[in-house]
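Per-chain numbering from 1; labels A, B, C and D assigned in written order.
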Amino acid sequence: MIINVGIIGATGHTGEVLIELLLNHPNVRITHLFNSGKSGQDNQVISDVFPKFKHRLELVCTKPDWLKIKKDCDLVFLALPHTVSMKFVPKLLNLGKRVIDLSADYRLNNPSVYEKFYKVVHQDKTSLKEAVYGLPELYRAKIKTAKLLANPGCYPTSIILGLAPLLALNLADLSSIIIDAKSGVSGAGKKLEKEFLFSEIQGDFRAYKVNIHQHAPEINQVLSKIAGKKVDVVFVPHLLPIERGILSTIYLKKAPGAKFKAKNITDLFKKFYKNEPFIRIKAEGVFPRIKDVVKTNFCDIGVKDFGDTIIVISAIDNLLKGASAQAVQNMNIMYKIPEITGLL
Amino acid sequence: MIINVGIIGATGHTGEVLIELLLNHPNVRITHLFNSGKSGQDNQVISDVFPKFKHRLELVCTKPDWLKIKKDCDLVFLALPHTVSMKFVPKLLNLGKRVIDLSADYRLNNPSVYEKFYKVVHQDKTSLKEAVYGLPELYRAKIKTAKLLANPGCYPTSIILGLAPLLALNLADLSSIIIDAKSGVSGAGKKLEKEFLFSEIQGDFRAYKVNIHQHAPEINQVLSKIAGKKVDVVFVPHLLPIERGILSTIYLKKAPGAKFKAKNITDLFKKFYKNEPFIRIKAEGVFPRIKDVVKTNFCDIGVKDFGDTIIVISAIDNLLKGASAQAVQNMNIMYKIPEITGLL
Amino acid sequence: MIINVGIIGATGHTGEVLIELLLNHPNVRITHLFNSGKSGQDNQVISDVFPKFKHRLELVCTKPDWLKIKKDCDLVFLALPHTVSMKFVPKLLNLGKRVIDLSADYRLNNPSVYEKFYKVVHQDKTSLKEAVYGLPELYRAKIKTAKLLANPGCYPTSIILGLAPLLALNLADLSSIIIDAKSGVSGAGKKLEKEFLFSEIQGDFRAYKVNIHQHAPEINQVLSKIAGKKVDVVFVPHLLPIERGILSTIYLKKAPGAKFKAKNITDLFKKFYKNEPFIRIKAEGVFPRIKDVVKTNFCDIGVKDFGDTIIVISAIDNLLKGASAQAVQNMNIMYKIPEITGLL
Amino acid sequence: MIINVGIIGATGHTGEVLIELLLNHPNVRITHLFNSGKSGQDNQVISDVFPKFKHRLELVCTKPDWLKIKKDCDLVFLALPHTVSMKFVPKLLNLGKRVIDLSADYRLNNPSVYEKFYKVVHQDKTSLKEAVYGLPELYRAKIKTAKLLANPGCYPTSIILGLAPLLALNLADLSSIIIDAKSGVSGAGKKLEKEFLFSEIQGDFRAYKVNIHQHAPEINQVLSKIAGKKVDVVFVPHLLPIERGILSTIYLKKAPGAKFKAKNITDLFKKFYKNEPFIRIKAEGVFPRIKDVVKTNFCDIGVKDFGDTIIVISAIDNLLKGASAQAVQNMNIMYKIPEITGLL
């Protein structure tokens, strides 16, 4: 089987990583690369934008071209900034194309929450209703038939996977969840801002958007669905002086009277994820590190029960399981290809 | 005034930083450098051990020599590994020397707690009773007359300074304190272990000693004294891919019925530390970063009240305010020299 | 076609990278992993040694087992330290196995040169005579039928590829060649030595083995063959504070009366390498960077003629084109598989 | 003695480092800080620009104010971009102020060379004639009485100090000099350009301005003066993924018939620099590293004679001996203060 794929937003950081993955995917033909369509953008050979693609891919990246999309694409990836994707989605769905959107535009069910955190009115509430949240470990069945897939954020992926077993089994005091997350710089894309200069990042470490990050509502929305009750976490992201990787350290209290049906909490996690190809639970008392997941689609999780408090630590590559590789995993599910294809 | 200073343990990492500071101190003459006295150690010119001291200090580092100490030292710094310091302290005190110990040997009042975390029987319970804990912001009066000063640990310094105002004013729910701390690699000294190789650290990030770190009892001991009640924190340290610096992110709930006598919590911190030369409170809503404190003796603190939860973030240089520079600050206090001498 | 592959030395750094590549190779089945056979080594599941292989490869790594090799391996990779490989090669060849040796043991034709630089007597001069030097761009024809392939060193690969066109066309003053090379830390494997600690490497840069590095004779041997005359280069390697990558800056004078049969020297390089899948020549006046070749098998080369002096800069990933991926490229050639298989 | 000092360009990177040094200098009072006077710049408290100066310096940085300079400054440092300094110098000299200019504006004697490399017409040829090149090891006598001091470039400092002994003693083949230099990122100041983002620098290494860097004419000018003959070096700078430090690897042939009047070339260097407080010659066969000079004003030099070829390696901190600390060293000389004051 060959899927004909187009990418809109191919010159950004997520686009770059996505191209790399799709070049290695045996069931994919990249038919077209498009920029975001902003006026002033020129046609560019992709290997001039990213010299590492020389000898591997020489497609020209042009403005989005509806005729080409109609004719040559089964599936379109949107690797666009937030608030830009929603300009393309309605027309793509109209043309009968399946869409995987890597932005935040279709992740939040409630447009007013979106508007609060992204500071812009949502322009496509119709498609929003049919978007499927693309976390395979929780929503694989729905993903299979999705027309519009909202690929999860990087922090939410690492955090939801770390908490899902506890919330699904009613073991957590929902009012107690504190998430101290740390991300490499690539999470911010390649923004040309002073704070992302080498001289600012190297040797430094700091928190940012303390308890006001735009991923908090996404985390709360999904955790609330799993728990069946409103969840409102404390969430503090920090910036690591590395390129790739997120490690989330999660603290929570046990639900009053919580009883584990397992010899320990690690076993409970192992059972919950026992058929998942990309979740690896560390042995009891062992916690994950970023190095083991960088350049992979794995989410490594360690968990330990300290009596009152449970500590969960999860690690992913923010650009892969937290973005482009999870998008490919979703594509595999949507097209009934073995889920690990092109990802191991 | 000139203080004649000897250093035992001069060839270690803390010793190196201490020498650097003392070379710039107008009231100090370094009279002797000693190694730890382990058999097999040779005499070494200090600038052969640390080439950066060439042209600056050419003293020979020998085995500890009691005659030289007796004759030429007013004050002895112990820059030794834990469990080694206590072999030297009794005799130094006997000789009438003042001692600043940078190890953990005299920080914990209760020898059985020491023995539990450091896996060795405490051999000098007599001196332990008269040791003064050298955190100037809390114990300046006692430091002035100390014979034996126990210089605080790096994590405890950053954490206690971040929590002291809230605990002293009874504003914290003492059962709710969670500390997610991150340290540069120099905290581990220069141990020759695989986990500290460049290839292991660079690009990585991980937690270690999750909730079982030996600094936890030191933190609990001091916080309990401040609060007047038993405090038992959750403490998870992490390893940053940088050389220097600790950033501690602290989460706590407000004490039931807590009322602030200040327009906001930031103001309360500013008042608490208003005469402290080395504490800098960030403006409301601003949090510290490691870069601003590296190579300084400052502790930068940011704090914000999020309703239920208070978040405090503090940053220090672990080798300076967290070790050698705090030791110099303590020396300044002990000898009635202006406290900032050699440190600004 | 399926090649049954064994690896001796699987727990080292080169072995780790080789496994990663072979796991993604459609024509390879890894049948056995062996350690180096030193006494005291235990059997280990490879995913316990390298947690990143969890869920991907769960083979047990044992002592070398001749029965298993005889029965289950077509080809054996030796990912062993220098001087260890030659203990295995004769027997492997005797069993009729093809061998790709990633050590230096079979690279130098003259055993006395080997003995001078590696400080040990060569124990297998017989096999040495039939070893083929595995630089595909120069020796593809011989590689096809090789029984014993000596995989080139990392520095030599980057340097020989940068100089081959000029020497093959008699354009270089052979007495003038100066090579200033810079390598990431992984070139030294994962040696547990003080100089490779994070605290020593981070923020530092230095030369080492100045003009006495053991790769110099390998470089001189191959360049001399290309030039048809004795070449003796000046070679100074340096240690970069990065994990992967080598950039070699090469300076040379033009041969007296040298005439280029090309509009410029860049064109000459492009023609020389025009059918090479893994050589990329930068546009005139543009020079390569390490980032573009890291995690690839490419060698990027930039060259410019400054009148008297020609400057060539080449970049590779030392662990890939400089070691394991070049070994896979050689395997592809030996087994008549398309040369890029598993490498793009 | 107290020198009243003003700084124009205090908010730049060089300004920041200069302030740090002057705060620790016992003979300096910083009276005024000025920005570069570009329209649109606001008054700023310096500790808001650089939070690390909080509690240490709270001066307001304003537009240059001639009345304040006239009244309150003995000496003015210009920490300005190239081509901006020359707008201030004539008036400052007119007011009778001594000036230390850290830009390139007064380094090149020949304005047409300046114009070729800095792409702008030199506007102050009068002052240019009386500028003194501030390399203390070579020009200490002239520096004592300088009104206008041109502080050397960072690359030139490291390179000229490495070559001066050989050229002064006529031991070098002047046509053979090749300089392969490597600098940390701070050499580029804090320019907001894509190439200086953390994601571009970290893990990368590359050459830039290959043999066309604007420091080449400065190097050639000074070396030619020392040698008494025209020198024209090959100079290739590279960008290291570190913040601070330059290491220059220099290759040259011996002059025909050169005879050393020393037991080896290392001794010759030691004699040449025997009274220099900031030059440290490594033992024979040992070469310098960046770590030993970072945060110091030292230049460490290693040299070895390999028969035909001599290799010299020198290391400095580009922001200190290569910029601000050398400026302070020059100030000390100009004001007859002990040369090491505030620098050791």
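One rule holds in what follows: a contact is a pair of C-beta atoms (placed from the backbone, for glycine too) under 8 Å apart; a residue touches a chain by one contact, two chains touch by 3 or more.
Predicted model, so just to flag it, every value in this text is computed and none were measured.
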Query - Most widely separated chain from subunit B, with each centre as the mean of CA atoms - result: C
Query raised in the report: Counting C-beta pairs in contact, does B-C beat C-D or the other way around?
Result: C-D
Report task. Take the average of all CA coordinates in subunit B, do the same for subunit C, and state the distance between these two points in whole angstrom. Result -> 47
Requested in this report: Report the inter-chain centroid distance for subunit C and subunit D in whole angstrom, where each centroid is the mean of the CA atoms.
Outcome: 40
Report summary line: Multi-partner residues in subunit A (2 or more other chains touched) are 200, 202-203, 241-243, 291
Query - Residue ranges of subunit C touching subunit D (in the complex, touch as defined) - result: 178, 180, 182, 200, 202-207, 210-211, 234, 236, 238, 240-245, 247, 249, 251, 287-291, 294, 304, 306, 309, 311, 313
Query raised in the report: What residues on subunit D touch subunit A, complex-wise?
Result: 13, 185-186, 190, 192-194, 196-203, 241-243
Report summary line: So, in the complex, the side of subunit D touching subunit B is made of residues 23-24, 51-52, 54-56, 203, 277-278, 280, 291-293, 295-296, 298, 300, 344
